[in-house]
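Same chain, two partners: subunit A is paired with subunit B first, then with subunit C.
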Partner chain A sequence: MDINIIENTENPQSDESEYEEIAHTAAEVLQLMEEAWLNEKFAPEILPHKYDIVECLLGQVSHVEENLSNVHNDDLRRSLHQMELDRLRYLVSSYLRLRLEKIERFVYFILKQEEERSQKGEENYLNDNELNFAKCYGQSLDQHFTDQLQFWPGNIPAEWKNQLIVPNIYSYVFMKAKNEIEGVMINHVNEEEEVVDLKTGSQILISYNNVGHLIRNNQSCLI
Partner chain B sequence: MFGENACSLIRELDRNRGSLPPYNNEILGEVEKEICHLIQQNEADDFEAHEDSRVGEAVDYTATIRTRHAIIQRNLRCLLAYHYNRLRCLRTMRWEFGSILPPDIKANLSHSETNWFSKYSSMLATYMRSIGDDGGVNLTIDLNPPKALYIEVKCLVDYGQYELSDGSLVLLKESNRYFLPRAECEDLIRQGVFQHIVN
Partner chain C sequence: MNPEEVEFLGEKQLISVIPTFNSSTIHLVSGDIGPFRASLPVNVPLWVAVNLKQQRKCKIQPPDWMDVERLELLKEAEKTSRNFVKMPSEHYMIEGKLLLSVAADDISRADEVRTIIKDIWDIRMSKLRSSVNTLIMGKSYGNVDNLTIMEINSMRPLIPHAMDQIHRMKMERSRFGTPSQSVSLALLNSSNVASTFK
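Right after this comes the complex of A and B.
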């Protein structure tokens, strides 16, 4: 078995079009996944999904698993690779779990946002499967609450639906700039504004609402 | 006093964080009765007010009606909070115990909560099946970052034979120690069959 299988490149065909269809080596994919995971972990709101990376990594995992099944049980390489696989699997499932948790917590808010996005023709943040899950979850909550209020004389009140649970986008996050960013506006409580320039690799503790767009368009990452 | 029962529901939630106390039918019934009662009174007062205004007498009911309305809203909010937080707790248990709940927890659920749980289980399963190309990913394992491939566990009950994923059989006996692959143990640790021995 090739011991360096995880380092092998994949998808050699693909052009450098505007969409990020650039070929990544497996190591790069891993790095992207780690970054996506950390961003998702620390951002208070849900971020655009990275299912292409997830699927790529899962493909790699099952590929290596297949190769491993040919290796004898007592081989040292097997346990080394197995450990690495477990780590990868943890990474992916933790990422997906974090997203699910956010979807559940802010379900009505996220559904509303997604609807607005698709009306405006923007790309959805949720993948189709996640969207299905979110819809089912929202409906089941609706159903449960309506069931509980059956005793109500007259019309069952529905005002609670207007009180959405929203993520606190003013929470503070540690951010690291990936390239030079100029003119980050920082809004202070007393309506004052401050402009900061960030150098590549510099780190800053900042309120998420000021830098959310930088995370989403991949100019910086959370740490 | 009005609103006290609803408040005690919330206090009950707060006392039992992370666990699921029995569904409090009794107090919920009281709160529901209180709400119905207040709504009836408000309607009656509303009717009176209309009557009075026709006759020309001016008794002001606004303050009482508003107060009652505020109590109703507060009770409603407490009711919903109670149910919502129980669902959140139930949801956590889905992740901990899998789709089959231990009987002692099941006994604490209301009928509609049991329904919700099976609905949640099935939507989660549908979602997990849909990830990736080949048959999905089980997100309920690998809950903690892996540190070592094998872990040492102590068996707490006489479990009998257990088949590992590579097909070999292990006989699990009470108070024996085993050195097994972590992935195989996770489920059994959560079920309380194994205890993880941390050095």
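Right after this comes the complex of A and C.
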């Protein structure tokens, strides 16, 4: 997904033809970022990264910062812009932090999944920097355990390496349908299935494994 | 999620203010606000409104639902309805709390408004607690239509977590399928678990 910002009225003479087809106003990008933040917050597993949005928003932040340097200190605009910048920064850093927390918690599982994805030629969920971080983190964790286990009497246990910490994809989440969704399958433990239709805007408490795909393909969001 | 984070989300709600100063349009990332003309009402996000009010740069026009008569009607509707009534604002609790704390002088009968909002919240929360019972009794999903984010958040760690545990127990039962396992689940399906939420 390519996202570009149509410059708002500050620069009305800009030529729109130089932008890609999918163009969003800054406000829309902000909306997308909020959604991505909430989704990441409540989904048990790591979701495909939204770095296009993050970068777009950070671009806006530095753009505003640049303009602010010309504004007087006691100007009302300055304090409002500054407050908004703080809000934006909070949003972005909270989002990135949530992802890092997930990477640390499920590092081996995520690395395995990412490897499977690249083998199948699917798009990775982590961006390059995150993947790098995950690899380094995994390695130092390994190193740490190896160092510590030197003092283990007898055979060094290796069994734990096969038991990955995996996210509980059956955990319950609150979801809001962004548009009408028909035929959400709900799997019961005893292998029965139930089908539910969701109206636009309806909210539901449901097990994540039934709706994970709806979150990933952007048909609904977590709340 | 912290209540502060819910507040963060609620603060982008637009609200009408009457500025006491003049200024041209301000281009915020979240959208343009203004131009500000003294004593002409203009819509701004709630966080801007609160900030301006604190600097005594505006009067706040309370949203039309923040009115004793309308809230009384809403409270009656909430009392009589079995389901949750749709609230006039997705973040009524946050708007109420913020505006009543910084702009009580701009709201007529502010104390009464405060009490009624609290009453409505209490009615909804007790309804919520009793509906949790039905939810846990056996359905594998629950509708939470018309609940606001703050209300959903108030039952956040507990309810999903309880559902997780029930699911885990059901998984175990289906794996073993022995009668001895179902005893604990019979207990679960009775109101014992739900009554702990009351």
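What to note about this one:
Throughout what follows, the second predicted complex is superposed on the first by the 198 of 223 C-alpha atoms of A that agree within 3 Å, B and C clash if a C-alpha of one lies under 4 Å from a C-alpha of the other, contacts with A are read in each partner's own complex, and residues count from 1 in each chain.
To be clear about the criterion, contacts are C-beta pairs under 8 Å (C-beta built on N, C-alpha and C of every residue); 3 or more make two chains touch, one makes a residue touch a chain.
None of these values were measured; they are calculated from a predicted model.
By the touch criterion defined above, A:Ser79 reaches both subunit B and subunit C.
Judged by the touch definition given at the top, the superposed model places A:Ala36 against neither subunit B nor subunit C.
Judged by the touch definition given at the top, the superposed model places A:Ala27 against subunit C, while subunit B stays out of reach. Applying the stated contact rule after C-alpha superposition, one finds that A:Trp152 touches subunit B and leaves subunit C untouched. Contacts of A:Leu222 after superposition on the shared chain: neither subunit B nor subunit C is touched.
By the touch criterion stated above, A:Val64 is placed in contact with subunit C alone, subunit B being left untouched. In the superposed model, A:Glu194 lies in contact with subunit C only, and not with subunit B. By the touch criterion defined above, A:Asn129 reaches subunit B but does not reach subunit C. Shared-chain residue A:Val92: touches subunit B; no touch with subunit C. Residue overlap on subunit A between the subunit B contacts of one complex and the subunit C contacts of the other covers 79, 83, 87, 90.
By the touch criterion stated above, subunit B contacts subunit A in their complex at residues 32, 35-36, 39-40, 76-77, 79-80, 83-84, 87, 91, 112-113, 116, 119-120, 123-124, 126-127, 130-134, 137-139, 141-142, 144-146, 148-149, 166, 182-183. Residue ranges of subunit A in contact with subunit B, taken from their complex: 54-55, 58-59, 62, 73, 79, 82-83, 86-87, 89-90, 92-94, 96-97, 100, 104, 129-130, 132-133, 136-137, 140-141, 143-145, 147-149, 151-154, 157, 160. Partner subunit C is touched in their complex by these residues of subunit A: 8-10, 25-27, 30, 34, 41, 57, 60-61, 64, 76-77, 79-81, 83-84, 87-88, 90, 168, 170-174, 186, 188-190, 194, 196, 202-207, 210, 223.
By the touch criterion given at the top, residues 1, 8-9, 21, 23, 25-32, 47-48, 51, 57, 135, 140-147, 149, 152, 159-161, 163-164, 167-168, 170-171, 173-174 of subunit C touch subunit A in their complex.
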